[in-house]
Amino acid sequence: MEKLFLRGSESLALGAIDASLKFYAGYPITPQNDIPEFLSKELPKVGGKFVQAESEVAKINMLLGASACGIRVMTSSSSPGISLMQEGISYLAGSELPAVIVNVMRWGPGLGGIGASQGDYHQATKGGGHGDYFVPVFAPYSAQEMYDLIIKAFDVADEYRTPAMILVDVMISLMKEKVLRRYDKGIKVKEKKWAFGSKKEGDQKIIKSLYLKGNDLERHNWKLYEKYQKMCQKEVLYEAYLCDDAEIILIGFGMIARIGKSAVDLARERGIKAGLFRPISLIPFPERELENLSTKCENFLVVEMNTGQMVHDIKRVVGKDHNIGFYGKPSSYAPNPEELYLKIKEYLEK
Amino acid sequence: MEKLFLRGSESLALGAIDASLKFYAGYPITPQNDIPEFLSKELPKVGGKFVQAESEVAKINMLLGASACGIRVMTSSSSPGISLMQEGISYLAGSELPAVIVNVMRWGPGLGGIGASQGDYHQATKGGGHGDYFVPVFAPYSAQEMYDLIIKAFDVADEYRTPAMILVDVMISLMKEKVLRRYDKGIKVKEKKWAFGSKKEGDQKIIKSLYLKGNDLERHNWKLYEKYQKMCQKEVLYEAYLCDDAEIILIGFGMIARIGKSAVDLARERGIKAGLFRPISLIPFPERELENLSTKCENFLVVEMNTGQMVHDIKRVVGKDHNIGFYGKPSSYAPNPEELYLKIKEYLEK
Amino acid sequence: MSSKYYFDFVFSGFGGQGILIAGNLLCYSAILENREVTFFPSYGVEMRGGSANCYVVLSDSQIGSPIPSHPMGSIIMSTPALIRFLPIIKNNGLVLINSDIISTDDINRKDLDIRLIPANKLSIDVIGNERLANMVMLGYLVSATKCVKIESLVKSIKEVVSEKHKKLIPLNEKAILAGAELFEKDKRC
Amino acid sequence: MSSKYYFDFVFSGFGGQGILIAGNLLCYSAILENREVTFFPSYGVEMRGGSANCYVVLSDSQIGSPIPSHPMGSIIMSTPALIRFLPIIKNNGLVLINSDIISTDDINRKDLDIRLIPANKLSIDVIGNERLANMVMLGYLVSATKCVKIESLVKSIKEVVSEKHKKLIPLNEKAILAGAELFEKDKRC
Amino acid sequence: MKVVYKKPEVLKNINFHFCPGCQHGLVHKIIAEAIDNFGIKDRCLAVIGVGCGVFLYDYFDVDSLEAPHGRGLAVATGVKRARPERIVFTYQGDGDLAAIGLAETVHAANRGENVSVFFVNNTIYGMTGGQMAPTTLLGQITTTSPYGREFQREGYPIRMAEMLATLEGVAFSARVALCTPKQLMDAKKAVKKAFQMQIEGLGFSFVEILSSCPTNWNMQSLDAIKRVEEEMIPFFPLGIYKERRVSDVL
Amino acid sequence: MKVVYKKPEVLKNINFHFCPGCQHGLVHKIIAEAIDNFGIKDRCLAVIGVGCGVFLYDYFDVDSLEAPHGRGLAVATGVKRARPERIVFTYQGDGDLAAIGLAETVHAANRGENVSVFFVNNTIYGMTGGQMAPTTLLGQITTTSPYGREFQREGYPIRMAEMLATLEGVAFSARVALCTPKQLMDAKKAVKKAFQMQIEGLGFSFVEILSSCPTNWNMQSLDAIKRVEEEMIPFFPLGIYKERRVSDVL
Amino acid sequence: MSKKKVIIDEQRCKGCQICIVQCKRGVLKLGNKINKLGYRYVEVNKIEDCTACGICAEMCPDVVIEVWKE
Amino acid sequence: MSKKKVIIDEQRCKGCQICIVQCKRGVLKLGNKINKLGYRYVEVNKIEDCTACGICAEMCPDVVIEVWKE
């Protein structure tokens, strides 16, 4: 198990290779370019294919083709590029094809800016594409988690035959940290019997999302829904930091949680019993865990680098009888720990 | 004021013409083809331009160009086509350009099916595109409302400089009913000073969504947010049918509300005090109005033609201390009034 | 709701038999009489199969669902239509069957008011070909249910038909009246 | 947190001055000493302007924010860097300024521990050109703060530098030691 | 007795859903024959565009993958890169390949992806009910060009076989029709050639097949075929526009 | 004294953000001169693609609209249809126009939209930091073709001026470069011609301008210009590929 | 004269008449009966004139004709 | 000999040296001073050799040269 000093993006790309990624299709967009750049070099060395597509629309569909052949596939992009892939993601979900999609978020709407943002929470978690489906979404907050969660995303994608997403802000992807390369010998991937092999074996295989006959489609939609329910049972990830005795719990994901931890430390130093709750899997959302906390704590402060998206889910889960504050910063500059500490104080005072 | 007998789709298209639509870009997709077909014939007669684009991606961007010139623009599509337009919609929002987008929903995910569906509630209301923005969404439930709400959508789009959406299921668009053509002499549209005129006048005009300097982008995002807040104050539309004394309130939009009314009638005939709450504007969502009802009624039954999307918003607004049931039908066949009546009964019994 | 003015129907047959035209006309007539109406055609994949059907609801107040689960009346112009819709007609509902096309073997409910109408034959009799069998059926339906006045039906044809096809109006009228007469005759026996 | 092992720094200058290399090396040395580290470079539009900066945090426990709001130490290698970062340095923080490039006119805080370091000159002195001014600065910083051992720094160079550039190792070492010595000298007077 | 003509083996014994006289069926059949001919049924992998041909998997007993509308050649790229040993073909209409899918088509061609493309040009969006396609002829009335296509307003019909032939990555590009036995034989040859090229690894091969859509042209089957001959072929000339030989790449 | 050379009027007195020696600046300038020349500053409406040219509105005193990456020609179609009286031009890079925007480009060209297109081909994605573009030359190393572009793997560089010239809707298609005063003069002529065509209503006009990207080619300015001359021009020959005359459309 | 057989799958014929027109020997004709799909289908009229050339089968877009010969 | 003027906006020159190479008369040279943008900029060295041909100005990608003559 190597110990490395890596940028988040490198760590993620290396994780993908260790997870046995065999097909990556990319299209340049800031701020995620170091992922395709790394993989264009490294993937061929392990027998994987790297393709630079003509567009995001093309690349998500290349993934669809390669995934149907049973190999592990991935792409990465940033917000506008993710929007362009929504039809394709919906097709992957409908066709039950595993694929991993990385969104290194930038500012929107439109061309926006290229700074750190969490403006795509809604898009990622509520289905930016058409139709009824949920894509599991993981939000790493360290270089180590970039490595661990990309592997998790591949596993979940295969297990549930679904696209899965890594949602991350650029700060996490730029930051260099120590990384334990847990699977430096690679991961063995289960064979996919449903996928196209080297040739037709037995009955014809058809991979599609069109269901016209009778109530095939209704059944299909409920099947997708049940997969989601199963994920809700089995794939929830979260972290609760100093929540047990907390009078106020900060909630945030990604870099905000990271900064939030420092803010909680600051608050504790200054006598405020603060805690931090961090959803790691945004889909499935850690509903039960948060609900449990809400029986013990009255005050929640949601912090996001947007004008308020996850906060709606928190309201739904925590309930209207709690105090739920929101601090949004839709700017390229993440708040700093002092800023969050002051917000905590302010919030408790009023 | 003409009285006509029109299909929902025709009524909508006629409303668009009366609202002074001057540019429509389309791309074929079932089940919304009668809208472009109608407009390709009628729009040129009133000096409007009809373009059949090469794709949905192209057409949303044609809208962007034409809208920047200050005329009223529109497109219509169905679910997969709407997914492809998410980047463009995000750009329209970011560039503050008015445009009306009609989604005659079909089944997803993927190619799915072409029957009636409400699978795109999440996409429409939570921003299928990247970044922080809300698109006002209206859900008609009659041919008359197809006419009235498309006009409303144009007005709201102009007033707030935002894309606006009509979200409708194919049953509403196929159904023929009486329609009062309220504006058969057309509507006068205010001149848009911010738009490109016949030539440059005074200072150069720049229409864009890129904000790189300082905290321009943060300001811009809060500005968009404030527009949304203003909509929440001023543009909420809903209908409450027999809710005042209701022991159970059915909630649904579009065709479900229509069928729901029959179910409520059935229930009342059989001694159950049922009511119906119907959000007409899905964004802004009638939060206050629903909250008010929740002070009077304990039981809510949400019905959707999907596996559960709007129900999350209802839970958030109504609160966890109420009974909130859900009946989802993710199939091409809408439930019928008896079926809903039985669900009401069943729900009250347990 | 039965105390009020309320009717709901399903019309079904092959494409080309004028099913949708009949539904439209009926709606139009009701509008002339100031009623609320909804017309709902079949759509989508169904259409490729060559079948056509529509639901018509007439009422004196706002109409909820445009698709009656158990229509009180029907016009059935093909065997597939019979198979599909007979099971859902309301108890004691009225079922008009074009007996020139459909064999009675497939009729398996006893609780219905079933009328076998030789619509093709009647159409040939009055206008020389079978093209207006739909109007014969419609005439029968209207005169049997009194959902609208026959005069409104005739008037609505005049309003709906374009200048170009004006000469067809009298033929349509004849076919409708032939249907209506058949009902009167049926009543008598 | 001051009782524990904890340091945070900002290094800033023009692109090409080796700012990021210095930050990386420091992190690497701390890792050799089994510390937690974060390294955070500037990014995006900022980079086009030709500036380069990075934040380094060293700790003996998990690090929260990788971007200290008020770094306790800094290496400043250009005037724009001075203007941008001087205001945010912690009270009594350590500010190392390359005085061969930056005029002292722009220094407007009195509460800081400011050291003017003729890093270019020193670099020329020990290795014949000014290319390793960054290492001089780093050597000074490490020896002033004791955040890592000078030996770790030297060792980390050896681990980081590729085979191809191996011959540069002794030069880097010399520059670091020159910086460290300067600090010792500064201390004495 | 000896069989003179019998349906190809790879076609299942299932009714086409196509309208009477629609030549999609003929296109299916000649592709099927070529597959039989090369004995590659088990290697074949069909990537199917969205259009009236979308149910190809119902008829062909080959592994099949449905592509989103227009994206057939992006999907095929993914498939072929993942499984170079498979014989990959796409089946796409003119709306699918030449309108929404144009970028994917041209770029796959330009990359020289080693796949075979069967492009059914019927100058219309068939499946969606007869809207104007990029290939709709000037003057042609469709449901979205109710006044007839006019070049000032709607532009020109696009000639795909010619355009693709200009790209380096293309090994084979031809246009065929199916109105006469002679045309059918040429079409069969072109389809076989397209597979041959792929088997030999020569790169992207493209066969544009002029086809009828009696339903959306509002024509009887026989008139529709006459229209292909009299109106389409003059604008879309038949022939081979590019043919690479093994020696060209060695 | 008389002025021999002065910056064009329509250019504001603002520093280009381009890297030293980047020829984007020269492209800006020759477009600006043509606008001055025709006196159409107030009629002009720039539709700007996403790439290093994205800040064009900072430099040109003309009404400007930012298009999403690649969609310049769809946006321009909307603009020109809404305001036919404006002179609409797009400014797009090779990633923008030839990769992601290919379908929009070819279809606008094929429709003969009456707009002028300035296409800056620098064989690279400049703004995003030097990834492979569709125009990247064989063998060229970029951040996403670290082993050099190989046609079997990454396909061929695409020649837009030639491809578009084959379309009926195109009135003018040319390729120019900016390495020598002579090339510059030809480029100026082509840019003027492109505006001229639009003013006369002849349809789509297209000027491909070969340009340097010293930063992402990792070259000094002067070496970069040498590369344009020695490597790019041989593969992308300069010249006029199509020129429609008024008489052609009358 | 050798024996020939032209077998038309009547339940699948859509009556498009392409085969009829393509058969230069006038062997085929459209019948009056309607099949399950709702179409009048083609019948073999004068098998004696058939040369078993196979063209009808080749040109049938629904691939419902088989041709055999001795 | 008529008078010429070659005016270089030194604060905006990026020192790319294109003008220097393009001037066949060797009038221009790269200076040693650094401007606000951080570049060494071009200076007029031998104005007496200048023919006011304007080529340097035409070829400057940053459009920072003006040329005047009597």
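Order of writing sets the labels: A, B, C, D, E, F, G and H. Residues in every chain begin at 1.
Here, a residue touches a chain if its C-beta (ideal position, glycine included) is under 8 Å from a C-beta of that chain, and two chains touch if they have at least 3 such contacts.
On a predicted model such as this, the values are computed, not experimentally measured, just so you know.
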Shared interface partners, meaning chains that touch chain B and chain H: F
Chain labels contacting chain E and also chain H: F
Euclidean distance of C-alpha centroids - chain A vs chain C, Å: 57
CA centroid of chain B to CA centroid of chain E, Å: 38
Cα-centroid distance, chain D relative to chain G, in whole angstrom: 89
Shared-contact residues (touching 2 or more other chains) in chain F: 54, 66, 68, 99-100, 102-103, 107, 134, 154
Residues of chain B whose C-beta touches two or more other chains: 30, 54-55, 57, 80, 87, 91, 95, 110-111, 113-115, 208-210, 212, 332
Chain A partner contacts - residues on chain D that touch it in the complex: 1, 24, 27-28, 31, 36-41, 43-45, 62-67, 69
Contact set on chain E toward chain B in their complex: 50, 54, 66, 68-70, 95, 99-100, 102, 125, 127-129, 131-132, 134, 143-147, 154
Chain E-facing residues of chain A, complex: 22-23, 25, 49, 51, 53-55, 57-59, 61-71, 73, 87-88, 91, 95, 196-200, 204-210
Partner chain B, residues of chain A touching it in the complex: 57, 79-80, 82-84, 86-87, 90-95, 105, 107-115, 117, 119-120, 122-123, 126-133, 208-212, 215, 217-218, 221-222, 224-225, 306-309, 312, 315-316, 319-321, 329-333
Of all residues in chain E, those that touch chain G in their complex: 1-8, 11, 15-16, 18-26, 28-29, 178, 181, 184, 214, 221-222, 225
